[in-house]
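Following this line, the structures themselves.
Here subunit A shows up in two complexes: once beside subunit B, once beside subunit C.
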Partner chain A sequence: MLMLRHILIDVIKNRMVVMYAAFLMLLTTSVFMFTEHEAKAMVSLQNITLLVAPLMALVFSSSYLYNSRDFMALLLTQPIGRQRVFWAFVGAVAVALSMAILVGLGIPVLVFNFSPTGLLLLLLTVLLNLVFAALGAWVSVSIADKARGLGAVLIIWFFLTLVYDGLALLLLYMFQEYPLMTPIVVLTSLNPIDLSRVGLLLQMDISALMGFTGAVYKKYFNSGLGMALALILLMVWAAIPVTLARRKFLVKDF
Partner chain B sequence: MLQIERISKNFGRFQALHPIDTCFLAGDSVALLGPNGSGKTTLIKTILGLVSPSHGHIAYQGMRIPANALKELVGYMPQIGQYPENMKVSALFKLMLSLRGKSINDCDTKLYHAFDMDAIGHKTLGTLSGGTRQKVGAALAFLFHPRILILDEPTAGLDPHSSAILKEHIASFQSNDRLVIITSHVISELNGLVNKVMYMMEGRIHFYMGVQELVESTGQAQLEKALVAAIGQNTIKERKHVDA
Partner chain C sequence: MARLPIAFCLILLVALAQAQCLVHQGISLAEPVSVMGSHLHPKGEWMAQLNVSYMDMKGMKEQREPISEEQLKWQYEMYGTRMRMPMQMAMMMYGLSSKLNVMVMGHYMQCAMDMAHFTGIGTPHPMVSKVSGWGDTRLSLLYQVAKTDKMGLVGQLGLSLPTGSVENSETSHHGDHVRMGYPMQFGSGTLDYLASITYTLTKPSWSLGFQPGGLIRQGTNKLGYSLGNQLYLHAWMGKAVTVKWIVGGKFTAQRVAMIQGHDDGMDIYASPSANAINTGYTRVLGGLYTGWAPRAKQSGLSLHAEIQLPVYDLVNGVQMALRYQVLVGIKYGLGRHA
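Let's look at the complex of A and B:
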């Protein structure tokens, strides 16, 4: 715990994290100030956080862990378990990024839109952030070269934010003659960004903005079950890469 | 004191260490030399537990002991490295002490004080120069009364005065129940600090002999020249061996 605290202090003071929190706060505040309709504001906010939070989590988590390799090695020459070192670093990154979101997104939401929808947006963004911080950690443990690792991270982001939806649409278009309910639900569950989008839209109950996926989700589950499932799947999405990263870290050569 | 039992290491297809069988004796102070990519860093990292060998074991006093038990005994000074930028020097020492559950009063603080770590305690590690970071690393390596001291390029980046202080501490650290392993590119730096030389090439130990023996067998009084002569001799010997 002490190691986590010391590293956390270092991460929180990191310029990138401070700027991230400030950027989020500026953005959220201006969206609330300039958008009259509450639902519209939430949707615009979500559209932005769905792009920004994964990118920041991926890039920051991987680059911070890459830059810490020397220090990790020094800690690993001390008589302590590798596991402890791993959780201290990954935990510090995850907590610091979540704190940036809670401050930058959380405070304006509390001030301007303290509602279940606002809180859900906050929760979903933090979860999404954990998913991508975990993915970034996995990349940094798996790929030795920093430049290649950062490239991989950008490809992951690009794929999950843009390419995936395109491919999904293409697939649905090709098989439009068939019943598509189940494939759509599965495809959505496989992408954490889609998952958190659907999660919020289910809560807001605005089918016009939900798109096909949301509508299907809604039909498949009632709101409560669908959302619970979305939240659980997001947690699974965070747990898988962090477990893989941990396993790699325990046998990694430094 | 430290037995290397048929340690080998592959990184993918590249064999960084061919099976190495050797022994570091207590009381010795060994210069670990060799060109880049010769495997000396891999060997050190294997001893430190940073690299897990593909085959083989490290034994201490003839026994295979758990990795963490060995780490208790080792003080390691890395090459100029990155520390967390925004961590204060005092926080770093606090962290290291807490990891071992020790208080500063139980520690060897001679070098800590010689490098005046208290004076820079309030500075963050990111603002320190390379040389000052080296001093931090050196002070940490000596802190926990190690039995085995492993120094990776210890004097690179240090100013002459600090380098002299460090060498003095290394010399006074040596005793017949302790072991020092130093890597360096600057051979003249090691004059008088080491009593044995291990020269590695392409993942193998090219030769491992006493400085005295090295000087006598080559007829060169200067360590640097003796070393160059010995590398030549051993290469010729090996060639003959291969030809035969």
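Let's look at the complex of A and C:
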């Protein structure tokens, strides 16, 4: 716990985390102030956070872990378990970024739109942050070269935010003559960003903005079940890379 | 003029084929000149850049297919046959620290659109619309997220200030003032956010990089509309021909959303460009770039050129078809890069 606290304080004092929280606060406040309808503001906000939160979590978690490699090696020379070192670093990064989201996004949401939808947006953004912080940790533990590692996290981000949907649409277009309900649910579940998007749109119940994937989710599950499934899948998405990173870290030659 | 892009591409392809290894290459040459905010300067240092670009559009298309005059005349009074858009961009960067830089960027644009006006009888009557003026001004902070001897990761956050006009108008053939279409309005009228992250990998003889970014519009302007949000990705790879000269390939994917709302001062049946449903596109451009520095070091003067052609162009509604865009730029830096 002492190690976690020490690293957490170090991460929170990092200029990037402070700038991230300030940027989120400025952005969220201005979206609420400049947008007339709350629902539209929430959708705009979600579109922004779906791009920004994964990018920040991936880049920051991986670069922080790369930069801390010497400190990690030093800690590992002490009689401290590898598992404790791993959880202290990954936990501190994940908690610090979540705190930045809670401050930067949470305070304006509570002020301007204190509602179940606002709280769900906050929850989904924090979960998404955990997923991508875990992915960033996995990359930084798996790829020794920082230059290659940071390139890899950007490619992961770009693939999951933009390319994946394009490929999914292409598949749907190619197989439009076949029943696509089940494949579309599976495809959505395989991308944490889509899961997060669908989760909030189900809560908002705005079918016009839901698109095909959201409409299918709505048809397959009612809002409550669909949302619970989206949340569970997001947690699974966070658990898999962090487990892989932990396994790799435990046997890694520093 | 139409052969210019082909000749340019051929020259660069020949240079690329003859590319050789070199001992050292300045990072300022490594990226295409249209990619802004990819590197930082040390504390207290300045860098100035001037770009002149030219965009050529010809003919109308509906989504991906050309649309005939016959189809257009039932919907609109006139339509654009060709649009030429030269633009000058001036940029200044200053190093607040070796990890934080500030960048300001202004644009001056000209636009000339050849139009065909349906008079009811005979062939359409040709006319020309011209306008020039300042675009929006961009103010950004650049932050060095990570850096190694060969890799750089720079984040950019900024504001786009509404200094460009949204009320450009012209005198119609009836003698009254009419607002020009959306492509001829150089400003957004809104205070917008811009963000990007740039990854560069520089080896002694080659370099590559990519920059995803976006522009997020805030609220609506005084005329009641907001331009669409933008997302883009620049990706490039360059090979040094000599220590002073780099040649490379670049591709750009852009997605610009449709305008939300509309300007009541525009008649939506006047021309496709005056109707907000005919705005926004998804476009992939491919092309070549080159950079040359008179002296083989990172500071000082460097000259750049770039050309891009559309390889995929899907527009919302009916819009003019992009043929090519050319850009030449000059950079002047005082000191070495961070």
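Everything below uses one rule, namely that the second predicted complex is superposed on the first by the 254 of 254 C-alpha atoms of A that agree within 3 Å, B and C clash if a C-alpha of one lies under 4 Å from a C-alpha of the other, contacts with A are read in each partner's own complex, and residues count from 1 in each chain.
Basically, a contact is a pair of C-beta atoms (placed from the backbone, for glycine too) under 8 Å apart; a residue touches a chain by one contact, two chains touch by 3 or more.
All of these numbers come straight from a predicted model, not from anything done at the bench.
Asker: Just to be sure I read the superposition right, which of the two partners does A:E177 touch: subunit B = first, subunit C = second, or both, or neither?
Answerer: neither
Asker: Could you say whether A:L162 touches subunit B, subunit C, both of them, or neither, answering first, second, both or neither?
Answerer: A:L162 contacts subunit C only, not subunit B.
Asker: Name the contact category of A:S30: first (subunit B only), second (subunit C only), both, or neither.
Answerer: In the superposed model, A:S30 contacts subunit C only, not subunit B.
Asker: Quick check on the output: what are the common subunit A residues between the subunit B footprint and the subunit C footprint?
Answerer: 67
Asker: Touching subunit A in the complex: which residues of subunit B?
Answerer: 11, 45, 48-52, 68-69, 71-72, 74, 76, 78, 81-87, 91-92, 94-96, 98-100, 137, 140
Asker: In the complex of these two chains, what residues of subunit A are touching subunit B?
Answerer: 2-3, 6-7, 9-10, 13-14, 67-71, 73-81, 251, 253-254
Asker: Mind listing the subunit A positions that touch subunit C in their complex?
Answerer: 15-16, 19, 23, 27, 30-31, 33-35, 47-48, 51-52, 55, 59-60, 63, 66-67, 146-147, 150-151, 154, 157-158, 162
Asker: For the complex, which residues does subunit C have touching subunit A?
Answerer: Answer in residue numbers: 143, 145-146, 148, 150-151, 153, 155, 157, 190-191, 193, 195, 197, 199, 201, 210, 212, 214, 216, 218-220, 229, 231, 233.
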